[in-house]
Every structure is written in C-alpha cells, then in structure tokens.
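To start, I am sharing the structure in question, which I have written as structure tokens.
Think of it as A, B, C and D in the order they're written, each chain with its own count starting at 1.
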Amino acid sequence: MSTDNETVQMTGREAMREAMRQAMLSDDRVFLMGEDVGAYGGCFAVSAGMLDEFGPSRVRDTPLSESAFVGAGIGAAMGGMRPIVEIMTVNFSLLALDQIMNNAATLRHMSGGQVGVPLVIRMTTGGGRQLAAQHSHSLDGWYGHIPGLKIVAPGTIDDFRWMLGPALADPDPVIIFENGGLYGATGEVSQTDPGFPLNRASVRRAGRDLSLITFGGTLPTCLEAADQLATHGVEAEVIDLRSLRPIDDETIIDSISRTHRAIVVDEGWKSVGLSGEIAARIMEQAFYELDAPVARVCTAEIPLPYPHHLELAAMPSVERIVDTAARVMQGEAVAAAVA
Amino acid sequence: MSTLDADTRSAMLHDMVFVRRFEERCAQLYQQTKIRGFLHLYVGEEAIATGVCRLLRPDDAVVATYREHGHALMKGVSPESVMAEMFGRIDGCSGGRGGSMHLFDAEHRFYGGNAIVAGGLPIAVGLALAEKLAGSDRVTTCFFGEGAMAEGEFHESMNLAALWDLPVLFCCENNRYAMGTALARSEAQTDLALRASGYGMPAWSVDGMDVEAVVDSTERALTSIRAGAGPVFLEFQTYRFRAHSMYDPELYRDKGEVAEWREHDPIHALFDRMVADGQIEPDGLSAIEAEVDAEIERAVDFADASPIEDVATLERHVYAPTLEEVAR
Amino acid sequence: MTTKTDVGTMFTMPSLGADMTEGRITEWLVQPGDHVERGQIVVIVETDKSDIEVEVFEPADVAELLVAAGDLVPVGTPIAVFEPVDPRRATTKHTAASRDEAPDTADAPSPARTPSLAPAPTPSPSPHAGAAAAHVTSPMIRHLVDELHVDPRRVQGSGPGGRVHRADVEAAAAASRRPKVSPRARRLMSECGIDPAVFDATSYVTGDDVLARASGPRRPAPAVCEQPSKADRMRTHIAELMTRSWAEIPHFHLAKRIDLGALTERLAEANEARALSDRVVPGALLLCAAARAAAMVPACNGWWVDGRFRPADDVRLGVVLSLRSGGILVPTIDRADEQTPFDMMKRLSELVQRARQGRLRASDMGEATITVTNLGDLGADSVAGVIHPPQVALVGFGAVHDEVSIIDAMPAIRPVVHASLAGDHRAIDGLTGSRYLTQLQSQLAGPLLEELS
Amino acid sequence: MNARQIILDAIERIAPDVDVAVLPPDVDFREEAELDSMDFLGVLTAVHEATGIEVPETDYAQIISIDRFTDYLSNRMQSV
C-alpha cells in the first residue's frame, strides 16, 4: 500500500512523457502535435513510444511549419480539443510568435471573452550544450511579457511530472519551458499529484541571510551555490519561481522580508529582461526591507558562443552566484553586466 | 450552371443590397467620427460573402479578415451587434473590445476578423483539425485576400490542410490589389488557382461578381469537403469599388479601371437578370433599399444607445474568469 | 532609560507598553544619597495594565528625585538624577564637557563598533562661498584628491591664499563620506527614534544593526484619556485591545486534538523523582511546545504593521494569566523556545507570583511575538481566542482532560488537550496555521519527552 | 496546629478572595475554590512549609475534599 507521498526516481524526459501519457489516457480531447514527435520519438526522446501507444491521429508529426501547426493547435483548441503542441526549441518559436501573440494570447480579449484557447505549448529552452547561438537562447522571459499567456518553467523533476495536468486543465494558453539540461537529470517524483498550484513559487531551501530567486535550469545551480555559501556561514534561501507569468510576488516578498537581500538568477540576458522585472517588483513592494541593492546574475550580453569554456563563462554559474552573494552581503551594488 | 429560383434570387439580392448599404452607412458614420480606427469596406465584393455563407450550416465555422462586415452579417451576426462593436460599445458582438477588424460571435461560430494578413489561415486549419478528430462533417471556411498568398503562413496552412485532408474551404477574394500593390507586382504566378492546386487540392477560379456562380462553385466545393475528400481552394475574381480603407488616397489604380469594374456590379448583374426573367419590377431595387436602410438605421440607433464599458472592468477578458470572478 | 548630561545621568519615565504614553509614579523605592546596583528596582510605575517595577541598568548614586509619587508624567520626562558610580565612568565625569571623545557606552547595547565620529559639518560647495574654489596645485595633492574620490570644489584650502594641504583634502574626504544606510535601516531608525549620527560615518548600516541598538518598543503609543480607577483602567485597556483586534484582524480559527498520553506518563515519572518545589505542571510543557513551534513556523511569529508582516528575530512568548480578581495580564517570556520544561516552570511560577502581587517588572512586559492563552485545568475543553495586535497568531489550550480515543482499533481512555490557533488572515493562511499545529503536536511527542527524563 | 486548619490556611494564602470558612468540606475543593494546577501546587507548597510533608502526585486522588485531605494529612503527620 503506497502512502500518498511515496516517490519514484525518474529523469526529466520520463516524467514529462508519463505526464503526457496519463493526460492522453484520461482525456481523449488531448493530442500531441509537433516536429518529429511521432515516428522519431521526439527530438529529445520525450515522446518515445507514444506513437505506437496512441496512433498517428493523436501523436501527429508535422511538416516544418511552426506558424501553421501552432496556429492549427490554436484553432483545434478553439474547436474543443486540448492540444499539446511541441515546438522543438524556443529558438524556433520565433517563427510562430505571430500566432502565439496575435492569436493565442489575444483572441479572448478581441472577442470580448467569447473565444478561449485552452492550448499547451511545450518548448525546450536554455544553453550549456554547445549548440551555439541559434539553438541556445533562453527567451522564457520574453513570453512572460505577454498578457493572455501563462508561462511556467519546471525546475524539479517532480514539476516535470505534475505541471502538465493543471496546464491542460487551464482554459487559457499555457507555455511550458523545459530546460534541455534537465531532460537527462534524475529526481524524486511523487506517485500522486501533490496539487501544488501552477502559479505559485516554492521555497526549495529555507535560509535567513539572502534570497536566491530563480527558475528552471538555473535552480540546481542556485541550490549548489546555497550549499557552498552555507560553508561560509551564509544561509541562502532558494526560491523556485515555477511560474513566470503570473509571478508569485507574495512568496518573493515574504522571503525578502525575512532575508532583506536578494539575487535574481536568470539564464536570459540581463537587459530588458525578466530579472529586471523581478528586481523592480522587489523595489516596489519591499524597498524598506532591503539591506542591500538587488543583484542579478544573468547570461553575458552576447549570443551564446560555441566553445564550451566560453559558454560556461557566459552563463550563470555557482562561482558567479557565490561571488555576487559575498558582495551583496557587504551591501555592495553589483551592477557589472557579466557579474 | 443552374439558375436559382426567384425566392433565392430575391433573398440574395436583399442580402447584397443590405451589405452594400450597411458599408456605405459605415463610411458616413466614420466621417462623423462615430466609428474610429481602421475601417475596410466590402463594397463591390458582396456576392462572395452572400453566396458562400448562404450555403454554410449554422454549426460551420468561418474565419475572416479585417474586411469582414459582409462575412459577419451573412454568417448571422446581428447588424445591431456589428454596428455597436464599431461604436466600441458593450453590446458590440465582441463587447466593444475588438472593433471593425475583430468581430467575433461564438454562437454563430464566426471566429473573427484577423488584422494580420494570413494570420487566420492556421487557425482555420486547426478548427478543421478539431472537426476531423471529432469525426464531424462540419466545414471551416477561411476568407482571405490574394495578398495573403505571399505570406509563409499561407503556404504552411495549405500544405498542412492538404497533407491531413482537413475540411477547410479556402476562399481567396482576389480584388486585384493588396492595399496599394497590384497583383502582378506581388505574385510571380498570378494564376492563383493554379498555384493552389500545387498543394494537391481541387482549386478553380470563379467570377466573384456573379452571385449565382459563387453559389454554384461553393455548393460543389462543400459537397466534396463534407464527403471527406479534404480541402478545396476557390479563387473569386472580384473588385472593391472603394479605397482599401478610409485613409487610402487610391493613387495606385486609375479611375478608368474602377469605372470598368463597376459595370460588373454584382447587385446590378443579379437585378438585371431577375428583371429579364420577370422576377422583379424594374424599379424594385429602390423598395429594397428603403427597407434595408430602415433596418440599418435601427442598428445605428441601437449602437448609439448602447453604453460604453466602465473602466473598472478594464482588465477583463485577458484570462478566463476564475470561479470567484464568475460568482461576483 | 538614562540619558547622559553634563551633571549626571537623567533617569526618565520609561515606556513600558506598546500603548503607553504616560506613567504615574506609585512609589519611589530609593531616596537621594542611596546607592543602587544594576538591576535594582528603584521605582514602581503605574500603567493602564498594572504597577510595574522599574529597574536601573548601571550602578549609581541617587542624586535627586525630580517627580513626586502620585504625579503623572509623559514617557521620556526626566524623573530623577543619578550619579554614575563606575571607575571607568568616573574619569569621564571630569571630561564630560567634551562629549565627543567619551567612549560611546550609552545605555543601548551598541554593536561592537568604533566610537562614532559625529560627521563634521560639510562645507557648503556653493561657488560664491567666500574664497574662490580651492586651487589644487601640487601633483601630490591632486593624486590624493583622486585617490580619496574627493570633489575638488569641496576642498577648503587652509594655507596662505587658499593653498590646499593634505589635511584639507582628508577633511573633505571624511565630510563627503556618509554612512551607507540601507532603506530597511533608515525605516527602523525612524521607527525606533534613533539618530543616524550614532553610526560610524564610514560604516554600512543594516536593519539588524539598528535593531541591535534599539531597546525601547518601536511603536508610537496612542493618546490616553483621564484616569479611571486601576481596575477599570485595566478593563478599558483590555476592551480597547480586544475591540481593535476584532475590528481590524480577519480572524480564522484552526483546532487540533493532541494526545498527551506519553507526555503525562513521562511527566508523572519526572515529578515523582523531584521535590515539590521543582514539580512541573502540564501547562509549562504546553508553553515550551507553543514557543518551539513558533520558532519552527516563523510566519506565525511576528507582527502585522503598516499593512505588512514583519517577522521577529526571536520567540518572545506572551502568556495570558487570568487574575483571581478578574481581568488578565500578559507578561512575556524571552527566548521562550530555548527554555527546558524545568526552566519554563520556574519562570512561569515567578511570573504568576509577581502578576498576582501586581509587581510585574519592566523586563516582563516586552513586546510578545506570539501569545498563548491557557485556561489551565478549570476552563473549557477548547478555546478560540482573540489575537493581541499587532501579533498575527494566538495559541489556545483547553483543559487537559481524559477522552475516549481509538488506539489500534480499540477504544482507550487517553489524556488529550484541544489546541487551537487563531490566525490573522492578512498575514497567514490556513496552510501556515495547520503547519503550526502539526509542529505543536510533534513538539509534545518528541523532544520535550526526552528533556523530561 | 491541626491538619484541617493548616489546609484552610494554605488555601486562603493562595486564594485570598475565597472565604475558606464556608468551603463545603466534602466537595472537590479545587473546583470549589477555582484553583488551577499552579494554585493547587501553591497550596501543597504551603502545606509542605507548614508540615514538611510533600504530597506526591500519585496521592492527589486521596485529597480531593478538605475532609479527605485532613485525614490523609493527619495520618502522615502521626507516622512521621
């Protein structure tokens, strides 16, 4: 008899595959559509075996026409289906940005609330695998700018398993950003749905001196940085945003009213980015709780380079987080672009 | 081409006159600043919306463009709600939020105008995909101008629809000008039906100024689609008698060409044939116009009386209302 | 509360409660000429709630009493003059005139910092201020100006014709440096009425630094009307507090039935082995558990102020004591989460005794971070309390009593207590509240048991 | 001093507002005088100071009423 919080070990791709399988088994409105999701089993092998199990009608390989098949996903959702559209990586989603922004995000408003788009779009995101500039972008923050969309980013394997359900149940379009690095990572997955609300952040590690605010691929980096900081006597709290739109201000502000210092860690670029948005919200809502300026650790302001050592130097790293934390604890403003 | 019986003809005549007078009244209202923003009028192309929509079932879906008044009215969206929408009032078919370019009516499955050229095509393909997966024989009709055919989304949508045998009726309203660019200056291959056939779907050209030809072709196309044979592409040759929109000085075409096309006015073409067949009195047109004008005036009064939305509900219609908001 | 003057130390009327603006001297316990030691009670002060014994923090000789018994004076009014009697302090007495050099051992426990230099008045940089802007000549001076990031216009040349010397540059540098004070620190300074100048000009001041210096309560007290009788005053005070709480705080109530079988068994064993005077009552254990649970669930341990929750840094447990003559007193126990059951029993019995004699001390009346109302063994089986603002939670214990419980599917008589949590829904919600009650339960099963053996 | 008087004095010391003279001797005096566990401990402490006798918790049941407490105390006083 398994107790309700017994867990099982899974990789990121296995967790998302199980999520899709269970969704399709329990609701025949749900179907999967995307490039190479069927015969090939998914570019990152997330949907391996699903074509045999559900057949070509519900696991649909598409031509390389992002605008058309994302638009078709929107239309099918308007038509009463609950599609899961996989865009191979966020880098290709730019071809479908017109459909995502001008249709998916906006139809409900233009129609005075009559037309909803209950669609889930999954995209791989993030760098670090030497795929060079056009395959390594982290544009999760961009999409967080658009009213009408809901944006989530699983950082734990448990979230890879349990975010899809509520996303499919949502009457509005939800985009799930899956960091490619986590597909191969293993983690604990609870047997039953923990029922954690899609739009709430989670304190992954409690601490009292400093709040590390991050999401997705950089969550493991922050947890490691927090462990290192602990050896120096600095107890860092790690907040996993989970949702980039809406942002769970309450959890962030509650944390900062206890730690009084914050570092936002985002694999996107610093300029005009998500990290700036979070820093602004902290300034607006917790200014008088701050004992140091909010610091940001982001990817260097360059397209990601191919060489591994350069790519690692550009991206947020444990060292850069620990160094920034040390300076924040002294109340220094950390404004350097790369810092 | 079978000629239609008198009742059908007079109904279509009434519809075309209604759309024509509705659009002309909008032009006037625009000048009185009652309608703002962009306004694209359907004057001259009435036969297509009248002919095609007449054959659609209430549960068929329509996706149109920003030149959509005729399609909306012929698909059953009430003139009052269309006019109120252009006045930006809460009784508009989109609650006042969309305006002329974004008329929506879920009940009549009219899925809006789309202000992005070819932006509606992928959606139509999707709506048809849903029907296919649900195993229904409902058709999704997608109206667009010839300008859309230069967009990548046109190519991707046509290919996907053909590839998956989806129940889509692609209706290209070729009015010869994409805003200020003549067809020959934007398309290497100006035989649009020939291009469409390249995707492996039936495609032919139709005289968009002859409403009976429109009806005939649409009937054949719908029969094929409902039988599951996949999408059909119809190119309707037509002409807009007024500017692209209210801001357009029309420098790109000469007045002679416009006069020549006015000779093919779809309303007069049908009216003359009905008079010749003794189905209507030679002065019958003015009676229809008077009746239509009165109906349109009621729509204008309705729109004028409809209140504007309170700013307090500004942030509504972005996401689905939560249970509490619905209860409130 | 003492403030240094040239003559001696002015002893002022202390603020002894969040809502206190005035105090009446009930009785002086010392006379001019007496010597007092640190911690000695020198005066009894009557407040809305009760008479409070006020102690001194430094050894001193009583020089003069400024306010007679029975007089009502606002908080902060000097009420006596004490001559500090401390070898270290003695020397400063002679050179008290030049206060700046006196080592800053002021009453508030200042953090380990170098004595603060009051920042020299910054010369006004306006160009038309007498001598032309100092002309920086020698390269050495220019280098120094750069090195110390000094604005040349700020440097006042003290040499002939405005020549600039090294000392001038250094003075300008020192003047331009203001302490880096964080927004939180600035807020807390204004709330605690602390002058930024007390901090070293070169230091980086955080909120924690300010809290360390602040000793008095942080909240401005509302005005108090004329003096009804003491008992009535207490009643009106309680009435005010409770109505404000009920009006402002959106209460929610959660309850949990906790089995105390193991605990009462272990307690009986412990008591049997100890003398009567060391015997521990169950109430003391409930207080330990309540305090430790507050430490584990910080979201319940703090204050709702200005529309925001401010967590406390330690657990100062408010204990509601009902007086036999009616009315309640709510003294506090500092670092309540660190007390063993035996410490807690000792402190509880001291508090009960002092409260019943109406002789609570200033240190007993600190600002609670969370409050427990304990009806002891007489009252109801359970209680849903009213939160004491500005706190955000109130823990209620009914009487410990026997109930039928199902153990291994068999009915059994077990001693239980009904614990309840009243929560301020602006600050916390049901999840946090239930997390607190679960912590409370585990404290009563786990660690407290071992500490009893 | 007899046991009964010692007990009544102890109660009066802890609960001055109670008129011990009219306390019914055969009822649970803890309830009657509204003595909570702290007060009850105070009473036992007072009795201990007066007689040197400590009442263990296990004997609480035998001293429910003033009469029974008096018998219990006097027996303990004779046996010391």
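Basically, a residue touches a chain if its C-beta (ideal position, glycine included) is under 8 Å from a C-beta of that chain, and two chains touch if they have at least 3 such contacts.
Keep in mind that this is a model prediction, so the values were computed, not measured.
Engineer: Could you see whether A-B or A-C has the larger number of C-beta contact pairs?
Structural biologist: Taking the two pairs in turn, the one with more contacts turns out to be A-B.
Engineer: Select the chain whose centre, defined as the mean of its C-alpha atoms, is least distant from the mean of all protein C-alpha atoms.
Structural biologist: Central by C-alpha mean position: chain A.
Engineer: If you average the Cα atoms of subunit A and of subunit B to get two centres, how far apart are those centres in Å?
Structural biologist: Spacing between the chain centres: roughly 41 Å.
Engineer: Once you find the CA centre of subunit A and the CA centre of subunit C, what distance in Å lies between them?
Structural biologist: 43
Engineer: In whole angstrom, what separates the CA-based centres of subunit A and subunit D?
Structural biologist: Subunit A and subunit D have C-alpha centres separated by 70 Å.
Engineer: Where the centres are mean C-alpha positions, what is the separation of subunit B from subunit C, in Å?
Structural biologist: 74
Engineer: What parts of subunit C, by residue number, touch at least two of the other chains?
Structural biologist: none
Engineer: Edges wherever two chains touch, nodes for the chains themselves; is that graph a line, a ring, a star, complete, or other here?
Structural biologist: Line.
Engineer: What chain-chain pairs meet the touch criterion?
Structural biologist: Touching chain pairs, listed by label, come out as A-B, A-C, C-D.
Engineer: Using the touch rule from the top, collect the residues of subunit B that touch subunit A in their complex.
Structural biologist: 61, 63, 92-98, 102, 104-106, 111-112, 114-116, 119, 121-131, 133-134, 140, 152-153, 155-157, 159-160, 163-164, 316-321
Engineer: Which stretch or stretches of subunit A touch subunit B in the complex?
Structural biologist: Listed in rising order, the residues are 31, 57-58, 60, 62-63, 65, 67-81, 98-99, 102-103, 107-116, 147-148, 150, 170-172.
Engineer: Could you pull out which subunit D residues touch subunit C in their complex?
Structural biologist: 15-17, 31, 34, 36-38, 41, 44-45, 48, 54-58
Engineer: List the residues on subunit A that touch subunit C in their complex, please.
Structural biologist: Against subunit C, subunit A makes touches at 254, 257-258, 260, 287-292, 330-331.
Engineer: Going by the contact rule set out above, which residues of subunit C touch subunit A in the complex?
Structural biologist: 180, 182-187, 204, 206-208, 298-299, 308-311
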